Amino acid sequence: MSDIFQETILHHYEHPSNKGKIENPDVKISDTNTLCGDKVTMYARLNGRVLEEVKFDGAGCAISMASASLLTERAKGMSIRDVIELGQRDVLEMLGLESLTPMRIKCAMLGVRTLQKGLIEYESKKPV
Amino acid sequence: MSDIFQETILHHYEHPSNKGKIENPDVKISDTNTLCGDKVTMYARLNGRVLEEVKFDGAGCAISMASASLLTERAKGMSIRDVIELGQRDVLEMLGLESLTPMRIKCAMLGVRTLQKGLIEYESKKPV
Amino acid sequence: MSLDAERLREDFPILRRTFHGKRFVYLDNAATTQKPSCVIDRLSEFYRLYNSNVHRGAYTLAEEATDLYEKSRANISAFIGGKPEELIFVRGATEAINMVAYSYALARLEKGDTILSTEMEHHSNIVPWQLLQPHGLRLDFVKLSGKGELSLEDFKEKITRRTKLVTFTHASNVLGTINPASEFAKIAHDNGSKVLVDGAQSVPHMPVDVRELGADFYAFSGHKMLGPMGIGGLYAKSDLLEEMAPFQGGGEMIKEVGLDASTWAEPPQKFEAGTPNVAGSVGLSEAVDYLRRLDMSRVREHEKRLSAYALQELESQEGVRVFGPGDPERRGGVISFEVKGVHPHDLATILDREGVAIRSGHHCAQPVADWLGVSATARASFYIYNDHTDIDSLISALGMVRKIFGRRA
Amino acid sequence: MSLDAERLREDFPILRRTFHGKRFVYLDNAATTQKPSCVIDRLSEFYRLYNSNVHRGAYTLAEEATDLYEKSRANISAFIGGKPEELIFVRGATEAINMVAYSYALARLEKGDTILSTEMEHHSNIVPWQLLQPHGLRLDFVKLSGKGELSLEDFKEKITRRTKLVTFTHASNVLGTINPASEFAKIAHDNGSKVLVDGAQSVPHMPVDVRELGADFYAFSGHKMLGPMGIGGLYAKSDLLEEMAPFQGGGEMIKEVGLDASTWAEPPQKFEAGTPNVAGSVGLSEAVDYLRRLDMSRVREHEKRLSAYALQELESQEGVRVFGPGDPERRGGVISFEVKGVHPHDLATILDREGVAIRSGHHCAQPVADWLGVSATARASFYIYNDHTDIDSLISALGMVRKIFGRRA
């Protein structure tokens, strides 16, 4: 049954990676999934255009929390550009899922969309 | 067909009785049938509690005009009380009809309801 | 290829009824249209298999219903050239216009700003604006002229710097007149005014593209285009939806609710408070598919031909006077007329005995009746399932009217 | 005699569906209920035989439709103890409450007057009042206390001379709590305040008599009581309807329209602008007949028994916490709960795989969730076609939840 709650997701839900705050982060941004009430805050410390450290905080369902946790692992060391280009396919792949219903896809995308918004804001504020 | 447009109604529609104004009437009152746009003004001159003269003016469908016309004939000489007690059955009888649809009943009752309203107002204003 | 109305009638169960022993000839399509079996069946199917509340359920049925609802939105919006998120589901054209009145005009305009409507409007495009007058908004009306066209001259005169919104019907439900909507919209936009088009009598009857027309807002009713009752749409440009205030408050339209303050969901949800009429949206989407299969240009051609025939036949009748423009190119399939010496209600009653359903009255457009100088008119209005034989029935029933009233006149 | 839910299920085609190979157990009745065949068929019949616009047609079909519409109004109004002319047809409870907000509160109250709502309300009974705050009306909320009851003490404290309207839900859609509506109404009336009761969760589930309750306004949704989507009612006392201002402007609600000014039709028409949802009214009337045949006291008894069983079973599960009052006498068939360590969404997803449909979220009542100190709850809600076996399915599906999440916790 429920292939959706397989090992990776449950593991990251119960033992999230990089959960917590970053002191004096370059990026700090929160968002909620209105439909569900999932809440997430994404933190990043940058070195030039590269994400040196990524953390998250929040509360929500297994899908939203596991995907935020997986994202922090994945995004570390990536460039801003590459993180901004992450899409649904990438997130599903991280989660080890083939598909999700439209409702749950929103949970899965909460972390990455939030981080992307934060990076875009960061870029637009940075003196060129 | 259309027993509704029988002789009496067509006659009174085309040759209405007592159509016109009464100068210095005791009762003068207008009303419209919103659904149809039928308009009627009823006039009455009273002698004590008896209607001595009744006229009507207005424009509308055959049913409303014929029933107003028939009413002026019928009401002449009646007491206020008796006019106020006239109901659907009486009006249908005057028109020589057994029944009317709810929509057309409103047309048929326009004249009598208006005159009744006028008489009630007249009574309430009269010093006792 | 023209429409085969006789074939199409088979899709409409109600048209198999008889009244007073006569074949049913339904000519009150401007009021509401009949429904094809596919729409009726789709509604049943929805309730038998997919009925659920939308957007919030985490179970399969709710996902299915949400999917149906949002696909219906996209389909119906595309039918008039809009994007999915530009369509708000409402009860009908009336609610659509009231929404613009409250959420845009009342919330965003300033005291002294003017709304320019016209004398050709349905009450739904007059009364909502009158209700704003006590709040300091002004209201003016473009005049009727000629055989029942809006006066372009008067329009240009009445539009001023204070005119923030111009609102007019795409097609008149009394005179049949089709207004040059894109021309009017251009004048309004050049003046810096927003444009609301009442499409209740156009979306069902001709190809409509809101972008080509240049409408900022566009209102229509599902029940006048083969769809169920209780569903319709307000198209609005995205940037306007962003800036508009909510209309009704409640579930679905919020982002977060606190006791002190709340924030709103993104459009279109922001304007859809409460449980939506999902079944209605699905039924209307089915109606749109049906119309699309017929092809709206052919629908328009069909009605043009019918109108031409009806105009010609009616005008050849003694004592009959037809209102509105004479040229079928410039009018829709709505024909108001009067028969000398016979009140429209009496006319309608006699026609009903012959199986012919027409409307009589002011058709919720009293200012048009006032302009015509009548208190009521008789009105025949056509749709895809009407054909020449229906008009022949109408004409022969008018013979009966003459028999009853005429011999005495 | 108690309800035979298994027999009743045969009337509901959707309940024959299976999901993921499992029998469908629908436990989201507080969101919307399923429809019996008689309601679905009645809708089809309306469109196949009686579809017409109402009130204005002079032909037989329009008379028939008008008759159906007004008989439906009388029937539905009588179901809650009202007179025909006291029932306004609306889309649902949300629109009903918004109508009171605009037509009564905004139009008739004065700056500084207060509306007293409660922390127990659905967003539909919070946001419409918040939208009035910029117009100078004040808003206050009676507190929740105990296991999820409204604090009588706080109510008595918060009601002041400026409190012109008290509004509260008859039954909570999250906690299940049934409020002592007539007691509250009496306090409000003694204070000179009008009373609006949100009956969305009561009319479907128990005998309701607006006069006994002492409600001045009463709001409810058809889709939550076996009826179609897109139809509901606002009951209001006649004298209030007289004094209220129109809500939406348009056809049907007018007496006479001039360009300068218009006059209004009598209630209820005054509040029903635009073509009404006649089919919806007919479908809801059929639903009311179905419920009347079942007998609303038996419906209430049935749900009470089900709730008692569900409460007992849920509370005996490890890690399950049930919210709301414990006594089935004082609660309706709505049970919110949480399972330790499992987010309500994940719970709902796993249950769905077992064929059990429950809701998770804030249920459009964020202040209740805030009071409970959670961001979401799981909610099972019952209706006439549910029975003990459905609750057994729920409980055994919870076992699956434990299997997946539990072994790790």
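Every chain is named by a letter (A, B, C and D) in the order it is written, and numbering of its residues begins at 1.
Throughout what follows, contacts are C-beta pairs under 8 Å (C-beta built on N, C-alpha and C of every residue); 3 or more make two chains touch, one makes a residue touch a chain.
Model, not experiment: these values are computed from the prediction.
With contact taken as defined at the outset, chain A and chain D are each touched by C. If you average the CA atoms of chain C and of chain D, the two centres end up 31 Å from each other.
Chain A and chain B have Cα centroids separated by 79 Å.
Centres computed as Cα averages put chain B at a distance of 47 Å from chain D. Mean C-alpha position of chain B lies 38 Å from that of chain C.
For chain B, the set of residues that touch two or more other chains comprises 35, 104. Annotation for chain D: residues 56-58, 60, 62, 254, 256, 345, 349, 360-361 touch two or more other chains.
Chains that are in contact with each other form these pairs: A-C, A-D, B-C, B-D, C-D.
Of all residues in chain A, those touching chain C in their complex are 32, 34-35, 101-104.
Touching chain C in their complex are the following residues of chain B: 1-2, 4-5, 10, 14, 35-39, 59-63, 104, 107.
Listing the residues of chain D that touch chain B in their complex gives 55-58, 60, 62-63, 66-67, 254-256, 265.
Contact residues on chain C toward chain B in their complex (touch as defined above): 20, 343-346, 349-350, 353, 360-362, 369, 375-376, 400, 404-405, 408-409. If you check the complex, the residues on chain C that touch chain D are 13-14, 17, 19-20, 24, 26, 28, 31-32, 34-35, 39-41, 43-44, 47-53, 56-62, 91-95, 97-98, 101, 119, 122-124, 126-131, 141, 221, 223, 228-231, 246, 248-254, 256-259, 261-262, 273-280, 345, 348-349, 351-352, 356-361, 364, 366-367, 370.
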